[in-house]
Each structure stands twice: as C-alpha cells, then as structure tokens.
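Take a look at the structure set out below.
Letters A, B, C and D name the chains as they come in the text, with residue numbers starting at 1 for each one.
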C-alpha cells in the first residue's frame, strides 16, 4: 500500500489500531460536527494563485518564537502516544527532531518529560499544561519542563471538564493497565476526583508567569474577545483550536476562528492554529490567513501507528512536499510572500 | 445497549414500539420538511465559547412563571402516552416531578387530569387545551385543571384542523380500543364531527381569561405579528412551536422563529420553544437566543417507550448533564450568564 | 396501495406505464436540472403562518379571465394523453369538468378538438397552439377552437425547436402507429419537415389577434423583459413556465421566475404558473407570490395513467383538499386573503 | 450504445481505456476538488432565456484572432494522445480540420509537429509551449511551429512544477515504451532532471516575442491581477484555465475566474476558457460571460478513445448541435447576440 497522502495513514491506522484506541483518537464531542467542520472549512477557502513568478528556489522555513523550523508544521499536543506505538512520545520526539520542527508534549504523555527529552536531545519542544487542582503538582511539572530545556509552555484553556465523546463512553475507554500518565503518577495518588481544575481563570496566567521564564502560549482560543484578553494578560502566543472538535461541539471551525483572532491580535503576538490540516495546501491557507505555523494532531498519531518514528516522519515529509508544491503553484517562493491576497472564501 | 444520548432512545423506540405507534409519534405533515428542519436549524447555529472563566460551581436552575425548575427543559404536551407505556401520562408526571421540572399535560391524554394529579402530587404541571366546539366541555376542563393544582393553561393555536400526516392516513391510525381520550369522553359522546373548533380567534383569549385565574400561555406562534397580538391579548407566555412539524409543512424551523418572536416581544412575556431539541447544547442555543425554557416532545416519548417513568428520567438526566457541560465549556457558570453573544448563525 | 399524495400516482405511473411512455412524460432537457429545480425551488420557500383566525368557513374558489373555477388549479397542456389512457384527452376533459376547473388542450392531442368538446360539453377549456410553418393550418385550428367554445387561446412561446431530451433520443421515441396527432393530420401531410415555425416573433401576436376574439394567453415567459413585451403586445394572460424543464435546461425554476414576472406586470394581466406543483401547499405558495392560478402537467398524466378520468379526479381532489388545509393552517379563509406576507425565501 | 451526450463518451472511455491511461486523463490534483468544481460551477449559472425571437436562421460561427471557426469550441492542449488512440495527435488534427475548428497541439504530443501538420494540411492550429530549462530547445520548437504554419503560440503559465495527482503516483504513471514525447526527444537526452523551468517570469514573454511573429496566448490565468499583467506584457489572448484541476487544487473554477478576468481585460485582448465544458449550453454560458471561444480537453480525449478521428468529430458535432439549440432556445440567432443579459448566478 503506497502512502501518498495523509488519508492513506488514516486508513492504515483505522485498520490496524485496536478499536478502542482508534475511537479515542478519532473521537469528537457529541455529534462530531466541529471535528468534521474543521476539515470542511478548509475546503470553503479558495486560492487565488499567481503565475509566472520565479519559484525555482523555494524556501519554506519559518520561525516560531524565535526558533527556526524547517517548515510551518509542528506536532500538536495529544495524549497517550503508546496507544499508537510502543515507544510512545519518545518516537514522536525523535521524528520531530529529525524533521527539524517543534513538538508540543502533552501533560497526558505516556512517557515522562525526562524520557522525552532524553530520546531526542536538542529538539525544539514545548510543554502543554493542564492546570490541576493540585497546584503544587502543576508547578513542579512546569519547572521540570523548563529545566529539561523545553522552550515554551502551552496552557490549554478549553478543558475545564472533558467533552462528551460518545464512543469513549460506549467503549468505557481507559488506558490499558501497562500504560501510565507518567507525569502525573504522584498527583493521581493525591486525589481520586478529577484532577482538572475548572476554576482556572485569566489570573492564573500571572501565576504561571511567576513560576517560569518560558514563553506562555495559550491554546483553545476561538473568539476575538478571548484573543484580546490573552494579549492583555501577556501571553507570547495563541493557538487557535477547538481541541480537534473534542470539547464543545458546534463551535467554530478552527480556520474560521483564526480569521477573527488574527484580526484582533494585529501582530502583537504570534498566532497558530490546529485542527483539520490534512494537506500541504491547508497549511498554505492557514498561513495566508495569518497563522505563523500550524500543528497537527490526529495525522501525527496515524504516522506513529503506521511505523512509529519513521511513520511520523513520512507524514511530515508528505506535508512538507505538498506545502512546498502548493506554495510554488500559488506563486510564492518563500513564506514571507504568503499573504491574505492568496485566498478568498467561497460563497458555497 | 448503553443509553448515551437521545438518539439511543429514538433507536430503541423505533425498534420496539408497534409500527403504528412509532409512525404516529414520528409523523410530520406532508413531506416532513419542517419536522426535519427543526433539527437541522439547530446545527446552523454556532457557539462562540469563552475560555478561562471559573466554572467550578455550576447553577443550571431557572424559573418559569415564577416556579423554579431544576434546569430549563420541560415536557411538551403530546397525546396518547399509553401508546408508549402502559401507565401513560401517570409515568410522565412522576418522571417530571422526580426531575423537578414542568410537565404540560395534553387534552389528548390517555389518563384523566385527576389520575395525572394523583400520580405525582405537588409536581409542577400546566394543562394544554384545544378549544372544542363544545365550549362547555372546554370550560369544564379548564376549571378542573385549575382545581387540581395545574399552574398554567397552554392554549394550542395551530390546530384548527389536523395536519396531513401521510403515514397516519396509510396506517388508518386510531387509538386501540382499550385506550381512551379520557378527558373528552363525555364531549366525544356529544358530537360525532371533529371536536376541534376552527373558528377560534384572538378574542377567545378573553373568554379563557374569564374562566380561570391561571396564567395563559399560547402555543404555536411562529411570526412576530402573532407574537405582538399575543402580548396585546394579555397572555403570560408564548411557546414558539410548529407542533413538531405535524401541522403546516414548510413553515419556519422553531429555533428560527424564536429569534423573531423574542425580538418582537422584548421581554414583556416569557418565551419558550419546542421542536428539534436533541442535545444539551440545543437547550443552550435556545436560551442564548432568548428562550426562558425549552420543552421536549418526541424525546420524552422515547424515554417512556424505553422504561416508562425511569426511561423518561434517563432522558432528562442526559439532557441535564449535557446542558451543564455545554454551559461550562461555553464559559457560563449560571443561566443568567447565557446571552446572545454565545452564538452566531452559520452562513452555510 | 392507498393513493394519499401525488407521489403515489407518480410511483404507480412509473411502474405500470410502458417505459417509452413514462420516459417521454418524465423527460427533461439535457441533465434535467430545470425539471428538478422546479420542485426544489418550492421547497426553498417558507410559510409564515398566522394563528387564531376564523377558518371555519373556507372558500377556495377563484376566477381566471372571468370564469369561476372550484380552486386555483387547472390542467396544463401536455401532448399524447392516449399514451397514458386509452380515451386520452376525452378523459382529461371529463375529469376537469367534473372538478369544475380549466383544461388547456394541447395542439398535440391524440383526440380532435371536436372529440374533446363532445366528451365534456360545457367544460371550461382553453386551446394551446404551436404556430406551424403552415399558417393556414394554424389559423384553421384557432378558429375551430373558438367555434367549439374554447374560451382562451394559449400560445406556447418556448418551442422554436424541441429541447434535447436524452431518454427520448435513446428510446427513438415516436407515437405508436395506432395513435395520431389528430388536429394536425392534414398539416402533417403537407410537409415532411418539422412543422414548428422558428421564425415566430412578437408580431405574430397581432396576427393571432386578427384571427380570433378569444383572449390570448402566452405560455413560456421567464423574464421580466418578456413579461413587459407580452403586456405591450396585448395578451390577456401569461403562463410563467419552462415547459416542465423540457426545453432550455438550466433556466430559472418556474416559481422563481414567477416572482420577477409578477413584479413587472403589476396586475395589468393575469399571471399563472406551471411546473413543479406536487402538493396543495405549493399552490398556496404560488398564489402568495402572485399567481392567479397554477396548472399541473405531469401529475395530471399520472392520474390518467392510474384510472383515466377517475384517476385524474383523484389527483385533483387530493390537491384541492391539501390546498384547503394549507390555507386554513396558514390562517386564510379565502383566496383573497392570500398574499406575499404568507411566505419568505429560505436562505438555504 | 447510442452516443447522445458527452457523458456517453466518458463512460465508454472509462470502460475501454487501460486503467493507467484513464486515470492519467481523469486525474485532478490532491482531492480533485477543482477538477469537479469546474463542472459544478457551470451548474450554478442560470439562463434568462428570451422568447419569440426569429431563430429560423442560426449562425454559430465565430472568429478567434481573426480566423473563422465553425462554432466557438476548440481543442485544448492535452498530452499523450496515443494513450487514447493509436494515431494520436494526427487523428486530433484531422478531426479539428474536418469540423473547421482550432486545435492547440501540446508540447507533450506523441507525434511530432511535422506529423501533425502533415496529417491535416490547412487546418487551424496553435502550438502550446512549456518553457524548458533548455531554452534553445524551446526556441527551436517555437520557430518550427511557426514555419509549419501554426498560427498561434500558447504559453502555459501554471506548471512550474507538476501538480500532485495521487492516482498517477499510485500507478507509477509513465508512457509505455513504444510512445515518445517526440517534440522533446533531443531535449530529453540533454538533461535527466525535470525539463520544466520553474524560473519563468513575465519577462520571458518578451523573450518569446523576440523569437516569433505569432500571436502569443497565455494559458493558466485565474486572477484579475495576472490578467492585467498579461495585457501589459503584450499577449494577444488569455486562456482562463486551472489546467483541468490538475495543478493547484482548490483554486477557482474556470468559469468563475473567467468573470473576473473578462472584467479586468475590458476587451483589450481576446479571452478564452477551458475546463468543465460538458454540454452545448456550457459553451453558451461561457460566451455570455465574455469568452470568445472555449476549449475542451478531456471530452476530446474521450472522443479519440471512442473512435479516433471519427469519435472526436462525433463529440464536436454533438457539442455543436447542442450549442446551436441552446442559442435558439435562449433567443439568439447569432453569436453576436449573446451577452451577459442571458445569464445570472444562482444563489445556491
């Protein structure tokens, strides 16, 4: 089976992953409307390609928060990579480093932050944080991440409670006994109730700020109002995201929300987006609409499920090739030439 | 079979109810366009969820006409509950009381008002009235309802004649011999022709007013013009409704009509809506667009068909949990924080 | 099989007519887009129904060019009724008279005008004319129709050449040998080439005017510009029509074109519409948008195919019942109360 | 099997061509969205047909760059005609001449320009050029084309690199060993890397201008900005085209881009369009929106696949008949009467 595009990896993962793992990765909240809209919304954006520009020398590199990456696609934070591949997040870290891009490791990793760091020394990594009721545990994680060389702290804002994912309820989803959320093992012992703290507010950004010198990126913003609040509270970056459609169903598609966030932010901080990226041309659309970089979630998991580190590299390489080709066919030789003039919204 | 969402109850009812009963409950007029639009119209509304608000203490209670209910979902008036469950409306009344919400008992109940009252003393109930040609019979029912402690009188305005529901015509639908429209047994004996009075006009609100001290709620309003007339004729509440799509096909979806009614009414009376509610987030959308409360029709019948009183409680509990979670994920800790800023209409 | 709505007759006809006849009646030009749009366009129109009006006494009669009909639905001109029922147009004439409505007999009838007249003396009938190259033959037909008591002359304007109906080409459609276009037998002998005259222009209205005192109705108008020309050339009525989607594919749906024609005509002549009527509520929509009456084509043929005169009466009676019910549920007790306030165009 | 419309030829070709050849001709880039949109976009355009005009004498001829053709449909440049029919481009040339229309021969022909010329002396032909890294080879081809009597030079602007056509990647598409890109045999020997020069810019129009007196037509323009640049750089014609959806996926449909290009060009040069033409009425729509002529790609290949020269003539004759009929039914007797008043964009 030739792996030609990302759907090929999706088909492979659906076929070979245990159903409970596939369902967990694929799940959207409620009717999965937002999960699917994330993809459909990209299709409603049309290119306005320009011709006869010299695209013989293509430069697709970019920088996020000052660090250069080989192309504007990073790995979004997702949990439980061992469900996809035995080495779990260690493989993810290796693939990201090999492709010279950024990997956002999740609080809900099945490897410790030390293991992730040790697996791919020198790689560009950010750490994604859920603030837990046990604030000391959260503090410890943040400081550990900083000490291990993670270069950004990503606060997930859209999960005061977990969304209702019907398939997971039906399956009674839980991690197999031999896997653990290793970063939280201690914390899990402290309290049996849900560890997530639903009382987190904007003021907690100041608390995080007091804990670390790392840049803080907030993930899960979908409105201009919250984008303005994020900027005012001093974050360094915003990831526009609806959590892959796994939290509140029937909110905006990620790429649609990006437009209003970028408009509000007016360049004061970097804006990224995740959710619905399936082709290199989707990356180009997101950049044209103002994203500095995109992050992929499920496609990275499909790559892991296919062949671990190597499979994820395949996924990234395909996206990279498609992105480069899309840029060239749209008439851009470097990322700096990409702008809103390249796209229009279809009326259909 | 795990009952995770309302569609699970629908599937159960479709499988286990006699076809003639399922068809009667499921029926829409003509092509069933409006019945189906009621659901689709909710999907065209998108949330604008807000992040990082303290949603640790959720309060989802509300009041309708001064009475507190545990969450803004009541039971819409539907006929013939014994078709779904042997105890019929008695089970409905018990479930509504157990969940601390409002049940609107139909003129076309298969239990008497006394039986309904006795089944769940102290429950919050309104009585739904069709005005019949035999005005004395209607008067008697209204006064009996008031005497039995019903706290509201719901006048259905959209049924001068019964809509054309093709499946019922094909099935030759009629109640099985052992079931009776008990509230009307006497009236049925008086005249053989259709009992519904198609000459009812707005002035009959004054007549009703003369019969009872109960608040009058008018059900079946779909336009701003009729909403204004309702307010002027002194009703206390309006239920925006197209009768579940069972009367005039190809009128507006209930949630779309709600918007124009709310705009016209400007808070002078309470506005409710029924038709198309299938998820907790639908309730949140209706509230964001100005409804004080929603009512569910078919889903209540599916709950009854599943396990009577217990099944209906399951349905209500699922809606309650979903509504609470949607509110939290949208950033609202109490119903008073829900407003139009939470939603936008999709252009698609 | 219960005949509950017009689709039931369609299903019957599709099952029992010879394929070549079914295909001929069902055919649309090219991709059949306009044929299907005629129906879909009705679905995009939404009612704004009004409540609590006295609809106990319903009056659904109307007048067309001064003649009263029992409800605003007549029989559109279609050819070759013997393909549907042995008695052909004689049955059609009888059914129309029995239901007290207007029948427009086609030039391409398989009975002579005399036979049609004799079959249902006293019925309200108009005669539909194609102008042929042999003008004398056309003149003779017009004058014969007038002499036989036909009360209107309908000039079809949209068929300078016959549209390309792929199924007819594939089937090699032609009348069976025992059927004849009896009104044109002589004309057919005169010339072998196509008899239709593609050089007809607006000036030929004056020529028709010189031949007969009958009111002239022009059929096939789809634009405001042509509507204005029709009025200026002195016609008494306009039938907005795209020939059931059988001529130029991908023109406007009939009901959409009606809106612009009515706007242009401003009541100077009566405007009718055919194409896409499948339910009583479609009739109500057309009237709300300014049509004085609608005409049905294919549904009449399905009725004939079902049981000849009796089947066509069934079709008309169902439409009549549905129309009366729709009017009542929309809050109108007589046709004079129907107006544009009753409808709105869906944005979807 | 009767060949009634172009879809019949498509079905034939799909059935009888080797899969690898069918896939190559059918391929679109990535998700094939633009390939399919080319067709769907025509369906969103509605005619406004006019009645009672004298259409007895139809004249469907037109001129492109001064040369008369029998109707406004030419053959777009496509590669590898021997994949469809043994005689390849020689058959194409003969059919185009027989039907008195223009054939644009591709650089990637499987016959030499001499063979094509010799096959149909006197036919109207343009030569399509890809500029290659080996500029001398390109120069030689241009001058050879001029010497052989080709009357126009078509520069393809949208292929700095080849689009990603998944099926071709999966099939490992390449020409069978017995076929050759004969025009480039020498060039192919010179270098093994891709021959296409991705550094081509607008200035290369001046270089081409210096090589030949032929009119230069630029193919692949999709925006008003590039249309203005084309005019300023002195081209004689513009072919609005997205390369049949084979290059950048999710750009505009060809007919939608035509509208903005025509608006920008304001008649300063001739504008043509290719992509999505499947019926005679599509040709009429393109002309109404300002195209001087359209070109067909895949339908020509289906015709070749059916019966070579004869099959392509069948395709052209069907389009011609359909175009003539559409014009007549829309009320136009000659191409000069076709204008924007004939069409409107559907809101759906």
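Throughout what follows, contacts are C-beta pairs under 8 Å (C-beta built on N, C-alpha and C of every residue); 3 or more make two chains touch, one makes a residue touch a chain.
Which chain is which protein? Per UniProt: A, B, C, D = (S)-2-hydroxy-acid oxidase.
Since this is a predicted model, take the numbers as computed values, not measurements.
Chains that touch both subunit A ((S)-2-hydroxy-acid oxidase) and subunit B ((S)-2-hydroxy-acid oxidase) are absent from this assembly. In this structure subunit B ((S)-2-hydroxy-acid oxidase) contacts its sequence twin subunit C ((S)-2-hydroxy-acid oxidase) using mostly different residue numbers, the overlap staying below half. Ranking every chain by how far its Cα centroid lies from the centroid of subunit B ((S)-2-hydroxy-acid oxidase), the top place goes to D. We define each chain's centre as the mean of its Cα atoms; on that basis subunit B ((S)-2-hydroxy-acid oxidase) and subunit D ((S)-2-hydroxy-acid oxidase) are separated by 60 Å.
A straight line joining the Cα centres of subunit C ((S)-2-hydroxy-acid oxidase) and subunit D ((S)-2-hydroxy-acid oxidase) is 43 Å long. Multi-chain contact residues of subunit C ((S)-2-hydroxy-acid oxidase) (touching two or more other chains): none found. Chain pairs that touch one another: A-B, A-D, B-C, C-D. For subunit C ((S)-2-hydroxy-acid oxidase) in complex with subunit B ((S)-2-hydroxy-acid oxidase), the residues that touch the partner chain are 2, 4-5, 43, 45-56, 279, 281, 321-322, 325-326, 328-330, 348.
On subunit C ((S)-2-hydroxy-acid oxidase), the positions that touch subunit D ((S)-2-hydroxy-acid oxidase) within their shared complex are 30-31, 33, 44, 157-158, 160-161, 163-164, 166, 169-170, 197-202, 204, 218, 220-223, 225-226, 229, 247-252.
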